[in-house]
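Structures for review follow.
Each of the next two complexes has chain A plus one other chain: chain B in the first, chain C in the second.
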Partner chain A sequence: MLGRWILLFILGITAALMAAPLILTVFTSLKPTTELVNPAWYPPIDMTFEHYVRVWTEGGFSRYFFNTLVISVIDAIVMIFIASMAAYAMVFIDFRGKIFLQILFLIGLMIPVTAIVLPLFQIVRSFGLLNTHLGVILADLALAVSVFVFMFTSYFAGVPKALHEAARIDGATEFQIYRRVVMPIATPAVVTTALLEFLWSWNDLLLRLLLMTRDEMRTLSVGLLNFQGTMTRDVTGLSSGTVIMAIPVVLLFLFFQRHFVRGMTSGAVK
Partner chain B sequence: MFLDPDSKWAQRLNPVLFLLPALTIYIVFAIYPTYSVIEYSFTDWDGISPEREFIGWANYQRLFSDKIFWEAFRNTFVWSGVIIVINVGLGLVIAAMLARVWKARLLIQTCIVLPVVISPMAVATIWRWMYQPTGVINQVLESIGLGGFATPWLGSPDVVLYALALAHSWSTIGLSVIIFLAGLQAVDEDLYEAARVDGANALQQFRFVTMPALRPVTAVVFILTLTQSFKVFDIVWATTQGGPIRFSEILSTYMYKRGALENQYGYGSAIGVSLLVIVSIATIVYMQIQNKEDR
Partner chain C sequence: MAGLELKKLSKAYGNVEVLHDINLSIADGEFIVFVGPSGCGKSTLLRMIAGLEEITGGDLMIGGKLSNSLSPKQRNIAMVFQSYALYPQMTVAENMGFSLSLERRPKDEIARKVNEAAEALKLGPYLDRKPGQLSGGQRQRVAIGRAIVRQPQVFLLDEPLSNLDAALRSETRVEISELHQRMATTMIYVTHDQVEAMTMADRIVVLNGGYIEQVGSPMELYNKPASEFVAGFIGSPKMNFVKGRFADAVGAATLGVRPEHFVVGAGDDAWEGKVTLVERLGHDTILYVNVPEAGVLTVSLSGQHDQTVGDTVHLKPKMEFIHKFTNEGRPIAA
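Presenting the complex of A and B:
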């Protein structure tokens, strides 16, 4: 019994230490500048949202936020469609060269984005898509699609083949079966895909740094990086910016923790 | 769709229609760049001029004699080593403890896993602030009488790589913990019962029941942590950009400097290829282990 309490005590401290950096950041973002002389673990006494307002308006974070949101939402929605359709063909339709495609998608799991950014920049440029949301979206989709094709493939593999056969005999086209029979029962895979792709897209820095050089196209990650570079000493502004960037994904995580945990364990290769 | 679904044409067209969107985007923006990075690495190119001069293995020869490359190479391994020790070692211990606790488990687990969803850029900002000479970490050390250990964490050559590895581990250890937890759920509860009957204490149970049962999962987390830490760019770039001098230079930041900033596309790509080879081999090993486990 005593052992259990010691265990709980150690875990409690671990949890507190893990949460501390986030809590301290929230504290700092809410402190009036005069309270910055206090140690960082002092909670804000005279709470203020002025730093948030300042960063959101003058700091340009409202635009960064909007840009990030647009890219992440489009990424997530398009990913659901292209990955599930490809996986549908891989599981339910017979065609030649399937093994070849499987290997091709497998390669995608091995490619580290970091290693191929130089040619990726050139290709996006050659399409004239530098400084466009579309360029980043296409790159995001391409670099993560294989993860989700495999996720949907393993989910569809659990769908009874008889269901597909029966629909075929009833005269349904493949597209009808995909839309009316298979997708409605694939909700868990859809939710996981949406959450993970949104998260990856929201958080990425490297691709956005490389492909978006104009300020009005920037996302939160690049915005925060630049803010950090120019306003190194603006601790309150920086922590407000950090919190603004973290709030959406933290909320999503708290609401969908179960889905996230399952998705991150299965989509972990990326 | 408009055709008779049983016609031969529809049969042929269907897989094409379903696969086309994913495949087009994937081939143009993932497969082709992968091929290109290898091709670039055999050329001398500034990334702008229309001419790419083929120079054979020259970039790789230069790589072998490039002192900075080997520094970055070494740093990448040290960096990954530190992260593996923390994420695999500590991750396993935390998961094993968490599996034995029922009270407040969800709250504790949430605190540990939450940093996983925070973006590396935000992680960089938070830790850069905490690591400042007058930052919270030094404040804490001084207030508990350990002021002698206080140091400008990101400014000292001997410390910076470890300090950054710790920040990265903070934001990724939650992933190891949940993978270990999933593995622990599969361990037969009877084994613990039997061990307890034989008089094994908690530590012995961990050593002789938990650890052997988790060996495959441990291998998975090990390789996963390895590949993930090799790919890191964001957090290092956003804190030190490889500095001071080159003490936190890793392969990805070095490649970015040479390739994207100095426009040495051929040479930068050769660095990229070295990263590609290491990560691919590790990923193949990872998939082999997972396949064995699924069977």
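Presenting the complex of A and C:
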């Protein structure tokens, strides 16, 4: 019984620590400027949405939001196709150079983005894709594809080989098996990929800062920097911008939580 | 429908050859059963016929056509898998009609054929269900239905009953036999269960260690086994093998006696032993008798008998039914 209370206490403290920054940010974003002198954990007394309006209009967040949404949605959708097709080939098709490809994907997993950011910049520039959505999308896909290929591979490895063989006997081509037999039962992996890739793309700062310098191309994460100067900081603008940025991600997780958890664990248990 | 010809078929994984020079003719409409212990190569041979395993050497002719490099679809075969391999996201009807939908057949034709097969397999009420909502026996029938719908030249069945319980197994066994009679399609059936082989096959192919030990009708294999292995594998309970003085007495290295070919209480010259276990099946009584120098012998007596554990019994083999083998396990002609 005592153990249970101790556990609850530890969990409670952890939950409070996790939730505190989010709650404080929401509080700050809803406070009129006059209330900023109060301690941060004071809830807003005279609640206002003026900062949200300001950030959305004057702060250019409507444009940034659109840019971020376009890049993240395309990233997520394209990643599902690329990673699942690559993983399908790895699991179900025997071909020359399979091991070599697996090693390449493994290397892709091990190299941190920061280590290759300069050559990446040069490659994107040499293709004339600086300050374009396409440039960022291609870079995002290339950097994250290994992770999702491994995730899909571990999911597909749990699909009985007999299903693939039965479909071959039924006369299906590899693409038909992929599309009609394997992908329909890979929903958890698809949802997890979509969510994670969307999240990574949505939150990424480094690549966007580097590859999109023009204001009209900026994304939300870069846009947030506008509220912070060397000597000054627009706390309410920063807070409401952060909340605007967090809302879609939180909603997505709430909607797809069940699938997401299944996707994350499915490879481990099968 | 089509016959098959396997000419010097072999299969190797790297340097390891698992099937050696398999020669076999399968007639059009025949029910052939591949039987053998685990690892004997029976499933590999079936998968080579299906086109799921590459053929390392030799020729595979299906309907007189060299089929070594044809895709499974081009071979026009259907296969029922041990694990059923039903598409979990599709309904029973979609599962059964999948191959036809891939061929872009008209929807009404697909529905008609699916309904016909479902009727034959008593699956009508379940057509809108998903495989997860069916029992094991129903799933197996769907897998069979999926194969029937295609009207293939050859039916391949890879241990289709091994996931079913005993009662359902014997029921489905009868259904498959009836199906074969109705369709008169060539069927190749893989099993490790010799009872399935004996009850269903026109001819049985016994495999051992990647070689064909014997091909023949169930009764040929039972009465005239071509090796000690076949003699031991075919028949339930298994044949008794006795060495030493009992075998010497008949001029063999090994003497084989089927459990039902013993006479009990046959006099002083018979083999004396003690009953160690009794199995009463109602129609038969199985005795396990420990005979000095011969070991524990299985004796099957027709009807119900009174022997109990510890009783001394006298056994005598019916000499007209004994089997004699050389040291190499080859039969010695009577």
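Criterion: the second predicted complex is superposed on the first by the 243 of 270 C-alpha atoms of A that agree within 3 Å, B and C clash if a C-alpha of one lies under 4 Å from a C-alpha of the other, contacts with A are read in each partner's own complex, and residues count from 1 in each chain.
The criterion applied here is as follows: a residue touches a chain if its C-beta (ideal position, glycine included) is under 8 Å from a C-beta of that chain, and two chains touch if they have at least 3 such contacts.
Because the structure is predicted, anything quoted here is derived from the model rather than measured.
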item: Three-chain arrangement built on chain A, chain B and chain C clash or fit; value: fit
item: Partner chain(s) touched by A:P160 [first = chain B, second = chain C, both, neither]; value: second
item: Touching partner for A:V117 - first (chain B), second (chain C), both, neither; value: first
item: Which superposed partner A:A139 touches (first chain B, second chain C, both, neither); value: first
item: Partner chain(s) touched by A:T34 [first = chain B, second = chain C, both, neither]; value: neither
item: Partner chain(s) touched by A:V181 [first = chain B, second = chain C, both, neither]; value: second
item: Touched partner set for A:T230, first chain B, second chain C, both or neither; value: neither
item: Winner by number of chain A residues touched, once chain B and chain C are compared; value: B
item: First (chain B), second (chain C), both or neither touched by A:I169; value: second
item: Shortest CA-CA distance between chain B and chain C [superposed frame, angstrom]; value: 5
item: On chain A, the residue positions that both chain B and chain C contact, one per complex; value: 168, 171-172
item: In the complex with chain B, residue positions of chain A that touch it; value: 3-4, 7-8, 10-12, 14-16, 18-19, 21-22, 24-25, 28, 39-41, 81-83, 85-86, 88-90, 93, 95, 101, 104-124, 138-139, 141-143, 145-146, 149, 168, 171-175, 178, 199, 202-206, 209-210, 220-221, 224-225, 228, 235, 238-239, 241-242, 245-246, 249-250, 252-254, 257, 260-261, 264-265, 268-269
item: Contact footprint of chain A on chain B as seen in their complex; value: 1, 5, 10, 12, 14-15, 17-19, 21-23, 25-26, 28-34, 36-37, 40, 47, 94, 97-98, 100-101, 103-104, 107-108, 110-122, 124-130, 135-136, 139-140, 143, 170, 174-175, 178-179, 182, 202, 224, 227, 230-234, 237-238, 252, 255-256, 259-260, 265, 268-269, 272-273, 275-276, 279-280, 283-284, 286-287
item: List of chain C residues in touch with chain A within their complex; value: 50-52, 71-73, 77-79, 81-83, 85-89, 98-99, 102-103, 146, 150
item: Chain C contact footprint on chain A (complex, rising order); value: 160, 162-163, 165-172, 176, 180-181, 184-185
